[in-house]
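Right after this note come the structures.
You will see two complexes here that share subunit A, one where it goes with subunit B and one where it goes with subunit C.
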Partner chain A sequence: MTLSPAVEASPSPKGARSLVWTVLRQPQGAVGALMLALVAVVALIGPLVAPHDIRTVVGIPLAHPSHAARLGTDVLGRDVLSRVLNGGLTLLAVAISATLLAYLVGACWGMAVSLRSSALDVVSIGVVDVLLSLPPLVIGLVLLAGAGSGNVTIALALAVIQAPRVFRIVRAASREVAAQDFVEAATARGDSMWSVVRRDILANIWTPMLTDFGLRVTSSVILFSSLSFLGLGAPPPSPDWGQMISENQIGIVTQPWGVVVPVVLIAVLSVGTNLLTDTFSRTMNNGAVGGGR
Partner chain B sequence: MARFVVVRLLAGAATMWAVSVLLFFGINLLPGDPAAAALGSSATPAQLAQYRIEFGLNRPITVRYADWLGGVLHGDLGRSFPSGTPVTELVGPRIGYTALLALLTLLVLVPLGVSLGVLSGTREGGRTDRVTSMVTLILAATPEFVIAAALMLLLAVWIPIFPRVSLIDTGSPVGGQLRVFVLPALTLVAAGAAQTCRMIRACVIDVLEQPYIAMARLKGVPERQVIWRHALPNALGPTLQVLAINLGWLFGGVVVVEAVFEFPGVGRALTQAVAERDVAVVQSLALIVTGVFVVGSVVADIAASVLNPRLRRHL
Partner chain C sequence: MEIPSVEMSRRNLGKVLAFGAVAAATSPLLAACGPSTSGGSSSSGSSRKTLRVGATGGGSSETLNPNSALSETDVARTAQIFEGLTTFDPTGKVVNRLAESVTADASGKVWTVRLKDATFHSGAKLTAADVLYSFTYMLNPKSKADGAGPLADVDLKNCKKLDDKTVSIALHRPNFLFPTLLGERSVVIVPTGTTTFDKPVGTGPFKLVSFRPGDRAKFASFEQYHGGAPAIGELEIISIDDPKARMNALSSGVVDAIAEVAPQLIATATGSGVKLLQAASGSFSTQYMDMTKGPFTDKRVRQAMRLLADRKQMISNALFGAGDLGNDLSSTFDPDYASGLAQRTYDPDQAKSLLKAAGADGLTVTLHTSDAGLAMLESSTLYAAQAKAAGVTVNLHKWSTSDYWTRAWMQQPFACSHWGGRPLISHLQLSVLPGASYNETQWNNPTFNGLVADAMASSDAGARHDKLVAAQTMLYDEGGYIVWGFAKNVDATVSGLSGITPSAIRSLGNYDFRGARFA
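And now, the complex of A and B:
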């Protein structure tokens, strides 16, 4: 990721607003934002408008769509539509809180190390290299095997997976900034480390960090739904899209909707985020941000 | 050169050791009781104590770690907690099936991903590049189980060409049963080739922006020769490293794909062991999988430095 345009860009709110507009005016960015908004609406409003309870059996198992169950019933005879509408909130909540936690740890650690390059830096790189040599899903599986399943465990596992990756990106980005003259000047005039981090480093790396944050949320969503697809997610009655796919896969021939709808929603969410973040980083790299300077 | 190889090998070995510590202590220090998980909630304290003695769980954790690591180094992966079956016996044939699946996948994935990446990187901004970039962006963003479910719907349910589940008859030779490998391999190819193509494209573009390429072009070297003689040999090293990185992601895909198609491989053994809280199997399998990944990246680094002597100075 090239950082120079972001470093030059003024971090004023006006610059931020014009960056958002530049991104949304491009077809790819607009489509991405729309896809993201669609899934967010389903996940957030869904639980309020679901016609049935997620546990109630409304018909025979794997029934075709009817007036009572618009998307048919699932493998136990529950309403697919209601379960779809209830299945997004946990997914998003776990993925976003895990990413926030990973950022809290990884970004603080990365910025601290970039300002005080010393033995700590060498040790951190070593630790991070070892953590990165473990395939992500393996970390998740190992932690779940040791601690048992549950949404909190999964969120922590996702944070453990993401934190070293956040560290790498933030460290690289803030090292580039820390080498600039204005940081040296700030340090020379006796600004505290906190003030340097907030006023000089963070102000200059927030755009690449935002792009990365979007990608991390998506990959957390994918990992979370993969784990619940593997049957290792939260205990059964609470639905989420990954789990629905694995439950209803047996009936895919007779009643595909229990699989197709959650599949489409997860795909729309992650493709949408990727389209949006891709447009973001391209806009930043092209320096096409108008009016900000 | 020899010094670089030795240092890189030692670094790989050190990583493996650190990984073994992390895996063993990570899994065994977490608040979960393997004895209770194996025997169920109805077990009496006496039964639990008996079980802990039988599996050596009452010993200090450092002793258990040394015992486990010593066993692994001698090819003994320990015993499965609930059943007492040796782990090697449990996963032996599965390793073969997963290795074959990975091999078939890589045979298609590598040429496809690399050639698409080069094609689109050398035509940056052109129509081929824009179409490839869009398709690979979408495929790389789609979770493996989504691709798997889509392929299953398409090629096993609506147009039933391939079997929906990959059941392998252990009695007859695998060579005659390659049909069951098609859908799992196709899923992994779709997900992996997209990822690989995007990274290779970035490598190629990066190389093409180097001053010596501009120099060659200004000198009047034909474009074809610029790409084949000057750019691609220099993009080969980073390409190998990209492939090694994707190996780790590929394994995550393998776990998911094996679950979708009920493929009897290492990934499913690992998932089942996690569901049963079978700590002994999980730690050994996780170590093997990570080992393959670490070996892959060491080999890639050494190969890259053979191709590009300048890399040997960075370490």
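And now, the complex of A and C:
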């Protein structure tokens, strides 16, 4: 009964809900969640309340904060506040769609090899190990340099980077489940593979998958920002935060806000994620899921 | 064109690989922090004898060959060692350098050059034979010399030495603007027999002491220089690629002068101990349309696109005010520049009606751009926003600096370019005349070609001027360039350094340190 949280968790959403509450009751988890929520609010509500268009020139470049531009102007004379408020949505949209795509490929692949022949499993692990040995940023640079940058190509590049990682997690989790008697019984009963995956595997591994999904989204955000900073992000006038840092860094002495605000937002996002995922993994390792406490 | 494929991409490589470039740029600085070993103490009174200059380098491919110099440090270094027959003064006017006089016969086809009494760093005297050898060397395709372009009209077989100090240069066709072409920085005089530039020998004010590509070159003043030995005893030209690192090197005293202060950093350069050198220049980043492709075949569309550039805003916001308005023509400092044409202004309404007349209202175009030239990306971003006012959608396709010149430039119908400051005739020869290496707009107009050929063949300066103005008017009316402005040459030095006159041609007085001295 104490072997694995994934197996122990009941197939109902109750296990996940209890895991989330256990995490949020811990101060670290609560602070992390709060930080994530803050960034999400800026990204989602921002475009609705931004005072200016992201491409409109509102004054001289690198102007200090004023009534017209609350956080001053950027390196081209556009409103920093409006660009910050508009910069998060694309970032989150690209990161989430890239992660969904990575899951679509990585999770299906991982569950398939855990149920099927060991030959396929060995080959897949080999391929994935090769992919994982390449630093993510290098993969991104190569793909984007070849295909040209844009939000769609960035999402695809991020998916290529994340899919092998998803594969590893899902494969490991579902192998443990697949070895259980009830799966063997279902297979012997003649249930279709799809039915086994849906009723037995997926139902048992979706809690760790959900946690991993959150982690992947944020690491995608950070990768996207890094690529943007290196000049491989979406073409101008895209206001995403990584690009803002890159564009405005030359004026940091004169007008720091164009750099500081996006830096803080990205920092809050990544620190928040780390706090939250740390708490999650600790909670799960302690076996404090389900009726643990 | 400054053979942009390499020069410009290098300049901005720092942006792509920001951390690496900063690190690479800083490491030579650390080495420079040591005590500057000032050599002789022959010229007393001056406590400082070594002038240290920082400029954008070109990494390991930096060269001392004046005929393949690309990066700023290449240009700065070769300018110390080598000299041409003519050069340009700070206003861009042609003046003699190694030539005592340059005179044409009545036809403009034969030029007589009388040489100054100059000495090479090797101790040998400059002679007419060296001039003929240098021309032969540059025109030999095997040399792959940049100087072959400006000398293309030289009829080598009919060039001859008249006496030790006088040479007669024959041309294939009349050209009364030949002295201007002799001033191109690649057209230098080397000693007879020169084939390599590992140990470069020239007639310039400084001779080479040591050189490490990507790092620095050290020079010593040349005591027998024909214009008198420079006041500065030693000179170091150091490669610092990142604009911020360059500024930091100056303000922390690691170097005494830096070339090319980024417009965004001008405001930070006004502190104590630092002074700015500024000169109106002829260099510009531009958006251009290929006149043979898509909507741009229609003259009215080109005119509309030119009316959609808010030039004033581009100067104030892309160049931080450190620039001058452009009128879709080059070489504003040239005496033959068509200064009488009305300044083109931002006029979305007229652009709209021109587009409507051309059946192109609601036009959507893709502008290919990159961070490959000063304010290139910034001006393109502003242009895209400005064009909206006439219902024109300009989508930006941003290329990396390393890919831009090889994969987009001269291949896409609407793209950007960067040009260094050049006299009018040199610029036209490179950009719009038959055989131009960089005919970005695919301009090909027999009437225009005739006007320019007539101008070159005209011995009367007034008639020449009129013909060149007529030719430029054609470019102004129908051409494919959007020349919105010219960036100033902005450099900075420590306040104790004097004697460098800001130049329209290039940074730090066209890298002329002959008169430089410390207070």
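Criterion: the second predicted complex is superposed on the first by the 286 of 293 C-alpha atoms of A that agree within 3 Å, B and C clash if a C-alpha of one lies under 4 Å from a C-alpha of the other, contacts with A are read in each partner's own complex, and residues count from 1 in each chain.
One rule holds for everything that comes next: a contact is a pair of C-beta atoms (placed from the backbone, for glycine too) under 8 Å apart; a residue touches a chain by one contact, two chains touch by 3 or more.
All values derive from a computational prediction rather than experimental measurement.
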Once both complexes are superposed via subunit A, do subunit B and subunit C end up clashing or fitting? clash
Look at A:G77 in the shared chain and tell me whether it touches subunit B only, subunit C only, both, or neither; answer first, second, both or neither. second
Using the touch definition from the top, say if A:P61 reaches subunit B (first), subunit C (second), both or neither. second
Who does A:F229 touch here: subunit B (first), subunit C (second), both, or neither? both
Could you say whether A:G251 touches subunit B, subunit C, both of them, or neither, answering first, second, both or neither? second
Where does A:N274 make contact in the superposed view: on subunit B (first), on subunit C (second), on both, or on neither? first
For A:L34, is the partner it touches subunit B (first), subunit C (second), both, or none of the two (neither)? neither
Pick one for A:P136: touches subunit B only (first), subunit C only (second), both, or neither. first
On the A-aligned overlay, A:I266 touches which partner chain: subunit B = first, subunit C = second, or both, or neither? first
Chain touching more of subunit A, residue-wise (subunit B, subunit C): B
Touching A:L100 in the superposition: subunit B (first), subunit C (second), both, neither? neither
Just name the clashing stretch of subunit C against subunit B, choosing from 44-52, 368-376, 386-394 or 404-412. 404-412
So which bits of subunit A does subunit B touch that subunit C touches too? 145, 148, 229-232, 246, 253
For the subunit A and subunit B complex, residues of the former touching the latter: 129-131, 133-138, 141-148, 218, 222, 225-226, 229-232, 242, 245-246, 249, 252-253, 256, 259-260, 263, 266-267, 270-271, 273-275, 278
Subunit C to subunit A touching residues, read off their complex: 15-18, 243-244, 262, 264-265, 267-268, 313, 316-318, 320, 371, 377-378, 380-382, 384-385, 388, 395-400, 403
Please output the residues of subunit A touching subunit C within their complex, sorted ascending. 55-57, 60-62, 75-77, 145, 148-149, 229-232, 235-237, 246, 250-251, 253-254
Name, in rising order, each residue of subunit B that touches subunit A in their complex. 15, 18-19, 22-23, 26-32, 37, 137-138, 140-146, 149-150, 152-153, 157, 248-249, 251-252, 255-256, 259-260, 270-271, 273-275, 277-279, 282-283, 286, 289-290, 293-294, 297
